[in-house]
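Quick notes on the structure that follows.
Residue numbering begins at 1 within each chain, and the chains themselves are lettered A, B, C and D in the order written.
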């Protein structure tokens, strides 16, 4: 066994080295966090280069308040994602920014009571002025008639993306522009959901069904020649892709997960990718890796490395 | 300051002491995990004794595969919960057991490929025979006509609870029996969802709407004299209650959270309860505590302590 | 495989149930945190009942400021520990309390600058009045002549235990009373160490050697018929026992670890016990379990369960 | 408050961008993991540029088996570290490599019993051939006479560094070459310690004292015009520097910590740097940041960014 194993190659850094050069050095070290991050770049590169692979991206967590909105848009715009699944919070944060509001650089060592008095909502170290909800309310009110006609959440979100102002980069608008199916099973659980509730409270109706998106995501999974998955955070987005992999005839052949959740409590969010092999969600011979890291650190690194490798 | 602070009272244990006696000792120690668990029992006791308090219970994580199903049922049956929000996975696991399947005691140190060949799905250390999905399929198929008429997910779940066999203890059936509103915004993201998809694939329709439950949960939150929240795990269940607290005129006055997620990455699941004060989700003078612990350990302890205190 | 596996037995709680009754119920659930905690009680019970087993207890972390001092003393007094390895901080906190100071119930949501002005040292939620260092200084000054003659850290600590006032329960004094070898390789890294430095600064000498304790702990490990290990927290105490197991002819046959450190970064503190099998620190057929839990919660539970089982 | 806060600037990546360019973008995002990593680069840059600052580097964790040995040597060789405190394990791993052994790229999904039979010691995903201990034994045996004369652990380690072969990069040898004081209070707790034990078992003596290093590190801390601290991992290295800061007249004015340990259990390893303000270990107006990240990822990034900034 000793003979066959590669030695841990000690990482060397240099002034002015590119991100990808560092990721390569991490990859050659081969172990622990750095080795896994390096392998993640390889898996994603192979997945993206595989033209017959349908690429699923499940994203949860405060990536927009955490400064990773453009990183995500890159994953959507550059052909790195065929199906996008996310949380209502992510889409709400994205819409806030598209409507002209900014998240602000704050701190977690603060009196939340003071913030409340100042109309600031805290997302750990990132702050949101509460007035953003008023802007969102107006926006949803103006567009509700068209939104409410949509039968699936995906169509609701594409319509939302169509209506989203184009001046600022936006995840929602990019999904619509690029015709990337965007799924969000728990959309009701978000600022957007709350604004829909406001409309319903005025006696309006919303035709959007709870289960009908399943037909579309399952159809995509079912017809994929090969599938690959990227999970940033856990929650519904990861699980929604995972269950599509479970039922589809072909399990995922590429897998990258970035999370800080622990596996031991047994929840889906922290579950190691290999657990998916038992379920038929992941191929036993898939190329896959779990990266245990704050995604606001890991995803920009992977993004820069991929752009360099793919000359984009 | 020194003068006013209580000393850390060193915990003493005794042979045959009751769980609540230990929880009291932890409470008097006052600090770290034990102190927080002790305070959690106090907060829950006060919340339950407060007859004018509407009690919201948001539950995520593998509590059924993890042996806590009856603990949860107790929280529902004994008047400790007025509104229940959970994941589709929890309800699916519950339904599996109600249909006669058992989760099995396994290990995480295992070949997932071997498990897959044996038809075993792994949830960390808990195993599920894959055949449970066939039982679920039959059950949903038999009841789909009535389920599909339901306009809200809550009504869908109550109907499901009504149909759930009563031989075995069941969360779903208890919610229906006790008429506890049960919300699950991402129900499509679950084994139950997959079975609905199977029905839709046969050309059937399902009337359940994506947003309409919001009217009911918001109405409850809006009309509450006082509100209290218990979060086990994060994800959608926590956030769905949190956003109800955010918009309701009165923020929560009691709060207990049990989680192993970290706050630093900034996600809702790991967010400290005090962050909710900035949003108006939690009162600045609320009684609240974050317990950083595997919920399969903490919840049974709290359950036993509460039963002793409440003489139930 | 399915046939052979026990079902996850759902935990039931009752008003007035004993801690051990709950631990048994957790044990029968068999999985996740509760199942592991239940198994830990079994392993410890078997280890303690095994009269030919030498029991090593490696303890790190703020268990004295966290209200677990008497719990630890129980492990020492009742024949549950033959060799104790700990940090200088634990012994310093123990000595502070023996000298009449108390840790105080504080909070982590506080201005550390304000605490500093008030002479309060913060250990997360537990506070220590800074004046305790003056008491410690006097105590070490008074006894330094005898302490400084000791050639090993263990003898230094036994001497310290001998001099420790007996009015209050004390780990150090218990070790001396019970003649339990107490090792602390990094004793210099502690408040006690700082007080020794104060004496050295006055030109005094201290004969205590850095490596000589190894002879004693290795001799104990070497001559053990069987060995068992309990690790609370990681750091030096765990590793110091682990390396004794590594070199001794017989690896540990019982193992319980309580930690919240993660395994993935690869450090010794978070390493799963099974990793020790590769090193020869743990027998392949050992009875062992990793409990991922705040030790201030898990240890009192195990203590109460053990007392009930052992009728102590 | 809103007016004064900077917006979260969304990170942009580019093909071929340098590591430091990415770190700057992270810095400008300002929040969560990425923002903290960016700030860490700023704090370290300022600390290194401050010619009157004495720079303490406390390092724990498997950085050598994890491919970060050269990264650490850079911190020592380039004037970025004035005082180095580490674990015996780190120095043992370093010595193994200097003696010609390599750590190997393995996996944690493995039978540890099989590894044991093959003579492989596992450090999570990094493997060490057990034969390395024989090489270490010979090396210590050959040099023991000179080592055993050393009165302090630091002098022991400098002597060890002097004897370490110079063909391969080595932390120990670099400390000796550069005359960087290297402290390791728990050196007995390591492979090196075990080899010393082997010598003692042959009846040899070792003069090294347990407490005498304190004079040197305290003298350095005492005479520093300003102090800065970098902690990678926790354990003894962090705490040993922290206690020097506590007693020195001047607390640290720069602080960076990289860890994945949690603060809530209250241990020193996971304690937030700000806690040190209460103790007088850190100035209230210090520039400091906690980075919650696997150090094998974060440290190479910081290293590359610093080299670019400092044109080294």
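Simple rule for what comes next: a residue touches a chain if its C-beta (ideal position, glycine included) is under 8 Å from a C-beta of that chain, and two chains touch if they have at least 3 such contacts.
Remember, it's a predicted structure, so these values are computed and weren't measured experimentally.
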Where does the C-D interface recur among A-D, A-B or B-D, taking recurrence as more than half of the contact pairs being identical by residue number?
A-B
Could you let me know which interface, B-C or A-C, is made of more C-beta pairs in contact?
B-C
Inter-chain centre distance, subunit A versus subunit C - centres from mean C-alpha coordinates, in Å
42
Report the inter-chain centroid distance for subunit A and subunit B in whole angstrom, where each centroid is the mean of the CA atoms.
25
I'd like the Å distance between the centres of subunit B and subunit C, where a centre is the mean of that chain's Cα atoms.
34
Which residue numbers or ranges of subunit B touch two or more of the other chains?
31-33, 62, 65-66, 115, 120, 124-126, 260, 262, 264-266, 274, 292, 294-296
Based on which chains touch which, is the overall arrangement a line, ring, star, complete graph, or other?
complete
Could you pull out which subunit B residues touch subunit A in their complex?
60-62, 65-66, 89, 108, 112-113, 115-116, 120-126, 153, 156, 185-191, 193-194, 196-197, 200-201, 206-215, 218, 233-236, 239-240, 243, 246-247, 260-269, 271, 274-280, 284, 294-296
Along subunit C, where are the residues that touch subunit A in the complex?
31-33, 262, 264-266, 292
Touching subunit C in the complex: which residues of subunit B?
1-2, 5-20, 22, 25-26, 29-35, 37, 62, 65-71, 74, 102-106, 109, 115, 118-120, 124-127, 129, 169, 260, 274, 292-298, 300-301, 303-304, 307-308, 310-312
